[in-house]
Amino acid sequence: MKKLMNEVGHYVDEMLDGIVLAHPELRRLPGTTVLVRAKKADKVALVSGGGSGHEPAHGGFVGPGMLDAAVAGEMFTSPTPDQILEAIRAVHGDQGVLLIVKNYTGDVMNFEMAAEMATMEGIHVEQVVVDDDVAVQNSTHTIGRRGIAGTVFVHKIAGAAAEAGYPLETVAQIAKRTIANVHSMGVALSPCTVPASGQPSFQLADDEIEIGIGIHGEPGVRREPIRPADDVVDTLLDTILENAAIQAGDDVAVLVNGLGATPLSELYIANRRIAKRLAEQSVNIQQTRVGEYMTSLEMAGFSISLLKLDHELTKLLNAPATTIAWRS
Amino acid sequence: MKKLMNEVGHYVDEMLDGIVLAHPELRRLPGTTVLVRAKKADKVALVSGGGSGHEPAHGGFVGPGMLDAAVAGEMFTSPTPDQILEAIRAVHGDQGVLLIVKNYTGDVMNFEMAAEMATMEGIHVEQVVVDDDVAVQNSTHTIGRRGIAGTVFVHKIAGAAAEAGYPLETVAQIAKRTIANVHSMGVALSPCTVPASGQPSFQLADDEIEIGIGIHGEPGVRREPIRPADDVVDTLLDTILENAAIQAGDDVAVLVNGLGATPLSELYIANRRIAKRLAEQSVNIQQTRVGEYMTSLEMAGFSISLLKLDHELTKLLNAPATTIAWRS
Amino acid sequence: MLTTSAFVAFIQAYTNRLDELQPLLDQLDNQIGDGDHGTNMTRGFHAANERLTSTPTDDLGALSQTVAMTLLSSVGGASGPLYATVFLRFSAQWKGQSQVDAKEITEAIVQARDGLVVRGKAHVGEKTMIDVWSPAAQTLQENPTVSGLLKAATVAAEAAVGTRELVAGKGRAAYLGERSRGTCDPGSVSSAVFFEEFANVIVGGVEKTPWPTLVS
Amino acid sequence: MLTTSAFVAFIQAYTNRLDELQPLLDQLDNQIGDGDHGTNMTRGFHAANERLTSTPTDDLGALSQTVAMTLLSSVGGASGPLYATVFLRFSAQWKGQSQVDAKEITEAIVQARDGLVVRGKAHVGEKTMIDVWSPAAQTLQENPTVSGLLKAATVAAEAAVGTRELVAGKGRAAYLGERSRGTCDPGSVSSAVFFEEFANVIVGGVEKTPWPTLVS
């Protein structure tokens, strides 16, 4: 896989520079991999992050109505505690900091250590862990589920709650309710290649797809033959609906997330089926997002996320946000 | 190349359905491949379009501040005159219609025929042809240059002019000034595959890139060895700057357009170099857009567009727009 | 000499031939264009063929008009308006007639050629279908007979093969400059096949050019 | 018995060994994780190694602390906090000492194991580095001597190979469920190498496990 890059060791650094050069509303904390809003806000601060390679996540969600800081790790590697701590220090005001973490051992441990350090400095820090991926059954694994694209809904809704002036505990509670209500699952048509390794993350035959993949090029839960888009959507949607307590009459938000190389046209073909299926079940779609929100480099494939809405979540989801990758 | 699709013959149809299902602010004219704003506006109407496979172009640019209608053709194939005529009929009011066409024989002829038909129906139609691609030297070919990603700037600026209430002639003039001021060039790292053919549009070795490609999987003007991102950017930028009359002190807008499969991170690495180069030449970047605006299915690669700004163009570029793929 | 049933048979035969040649036409277009000329042509002529079967008439002009409008609304791309123009010119020429002779065929072909030039603004030598239509029309003009039709088909095929050596000056291949040399122009090949099938329906016994072995 | 210079030599030797094994560790992680364990470890230990050379001290606690903080700020992922925890525990145990004996080494290793369990919350049998640290620490505890160190290295290597048959219950591989069986856990392999190089620096003459032939 050819890469448009210079020194592989400078990849993340140059990407971050490229982001702030394009978007002066973001600032990079000097000497760090942390992006913050150029204009600090007086409210509960939201910090998220993770490995690089998921762009526009997470820097693309920093801005009014969403995050205050995004910490970038190496490619697909959790950021280190010192970087997370820098982010916390930079954005915290009097009202505390919420860390939004995806449920991977590495992310959880590194954010946890940063939170411990920040607490020792007298900063009030809360942490929520997103585990929206229903591909992996919860019951058989004490580790819980992965956090994938549904995380973006958490950024949006917790962001709106913070912007509304809610205190840290309330923002954290709302974030947790969002996490409880969001369920996702993904499929890959082709793998991705981490720049440093140059090797595809896995091999797929021309007639195979990998069901239930994460967002780091990890293999999925099973491999199946390729089939029409509607069938693929049904496989994901069925599993999501089995896991989410979504009933006829419920309101939901839909995120059809491209993993990197899948054309938008294919995502819309998938969305057509999703909308039809939900309509058949009398589920009301309040909002649909189709595009690249949480990618896996140039992996071909997509994920579906369904967020079950209540009155408050709907209001917060629709609240204004002005970031690179999410506007409303 | 695996495709997430159902019947290949339904690809465009299902994609268009998927778009309007996700975005109720758009409407599909029944029985056509035309997307229009759900709420018709009282002003000069803007119609654009082209082959499918360039998503989010062109439907993604329909909405307040930009287009009134987008006509989709078959994959990479100009839409037919009857469809374009339907679009014109649906959006025209008293103030006439501007067609924004990219300079390909097929697009030009089909839009021209539609314009002739509309004129016969008494609708006042003007047409502008975008030819921003500097890869092909103008002098040696009477055909002129291709229209590529820079077209999006034309949609934005002409859209703002129409929204401002300017008459058709003025909107057309401003569109032409934008076209004269925008220069683009692209490069492919890997080809794309049209769903119907299933064959890659060309073959590239692991160490080759194709310089000066269009947006339909056509081969470029030359093939060269792969090299660092900065060098690739320089190749494109040098050619653009040779062709554009951009001087120290000038204001420009930059569009770094992903062709489909290239990760956003790579586009930002490219943007870093672009910003550095322009800063060295004392060119002022007023606005930078990085992302997928005019794609070529799942082609890996990108294009750079530079738009030289004057006072009026800057004002129109910054004017509000609320479309799927461009907000400001 | 060209009756309405011959016309319908021609469209059918041309459609069949396009089906056969679609991969080749796509491949030629892939090398110097966007790879869809075969797909575009089969889509259009299948639609035209279907429409003809469902709307019988004894007016060659009306039949041509139906083909033109169907191509116009189903092909798109460059070839749509161009081939539509051909049949629009046929339609104007043959309006109200249920059969036409070699003279009237010649006049229609010449008109079609002129229409193509107006629409596409290409000159001979720019590696477009004009490179086939122009010598073919000229041949017929010089000899507006049945044997002229046969000759025109031969000239058309030779001209199509000859586009291989040209550098494109119009159409999508023009963007390739020198790199467009070495591949036959797909629209020229589909045009040569047009003349071949046209002559065959009217005269019969035309030997079919083995395009795949000739141009790939 | 473990002097500061031996400690520095250990970090150097371990770093060299990681360089050698990076492709293997990445490959193992590719099969059941995200393919970066070798990359993560070499990045971290190169940084630690460099830092050590530039900050000489005769305090084993300070040296361990330096390694811990460097790993913490350069590795990321799961292995960063885990290996950092190991050296943080060493640091607490060896504070102010310029050399430590087998007993003190044993105590530090046991502490490190406990620290890993606190940080990672994994149990033995869940296909993580705990499956190596736990039996190795136990072996040393039962025989806190130089020969115990050698034995621990052997036990560690066997345990790492043994993770092949396990189904992961923690870490990224756990998402694979049954599909995680059949591949050795990369963190267990890097841990076994840790014990091997550690014993070799202190005792010398340890035979290096031929990992690439053993596990791939």
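Lettered A, B, C and D in written order, each chain numbered from 1.
Here is the rule we use: a residue touches a chain if its C-beta (ideal position, glycine included) is under 8 Å from a C-beta of that chain, and two chains touch if they have at least 3 such contacts.
For clarity, every value in this text was computed on a predicted model and none was experimentally measured.
Trainee: Please state, in steps, how far subunit D lies from subunit C along the shortest route of touching chains.
Mentor: So the least number of steps between the two chains is 3.
Trainee: Among the chains, which is located farthest from subunit B on the basis of C-alpha centroids?
Mentor: D
Trainee: Let me have the rounded angstrom distance from the C-alpha centre of subunit A over to the C-alpha centre of subunit C, please.
Mentor: 54
Trainee: Counting only Cα atoms for the centres, state how far subunit A is from subunit B in Å.
Mentor: Chain centroid spacing, subunit A to subunit B, equals 29 Å.
Trainee: Per the centroid of Cα atoms for each chain, what is the distance between subunit B and subunit C, given in Å?
Mentor: 32
Trainee: Using the touch rule from the top of the page, what residues of subunit D touch 2 or more other chains?
Mentor: none
Trainee: Identify every two-chain combination in which the chains touch.
Mentor: A-B, A-D, B-C
Trainee: Provide the residue numbers of subunit B that touch subunit A in the complex, in ascending order.
Mentor: For subunit B paired with subunit A, touching residues are 2-7, 11-12, 14-19, 21-23, 52-53, 55-56, 60, 189-190, 206-207, 209, 226, 228-230, 232, 254, 256, 260-272, 275-276, 288-290, 292, 295, 297-298, 300-302, 327.
Trainee: Tell me, which parts of subunit C touch subunit B in their complex?
Mentor: Per the stated touch rule, the residues are 26, 30-36, 39-40, 43, 72-82, 119-120, 169-172, 174-177, 179.
Trainee: Given the complex with subunit C, which residues does subunit B contribute to the contact?
Mentor: Residue list for subunit B touching subunit C: 51, 73-83, 104-106, 109-110, 112-113, 135-136, 140-143, 146, 194, 196-197, 199, 201-202, 214, 216-219, 221-222.
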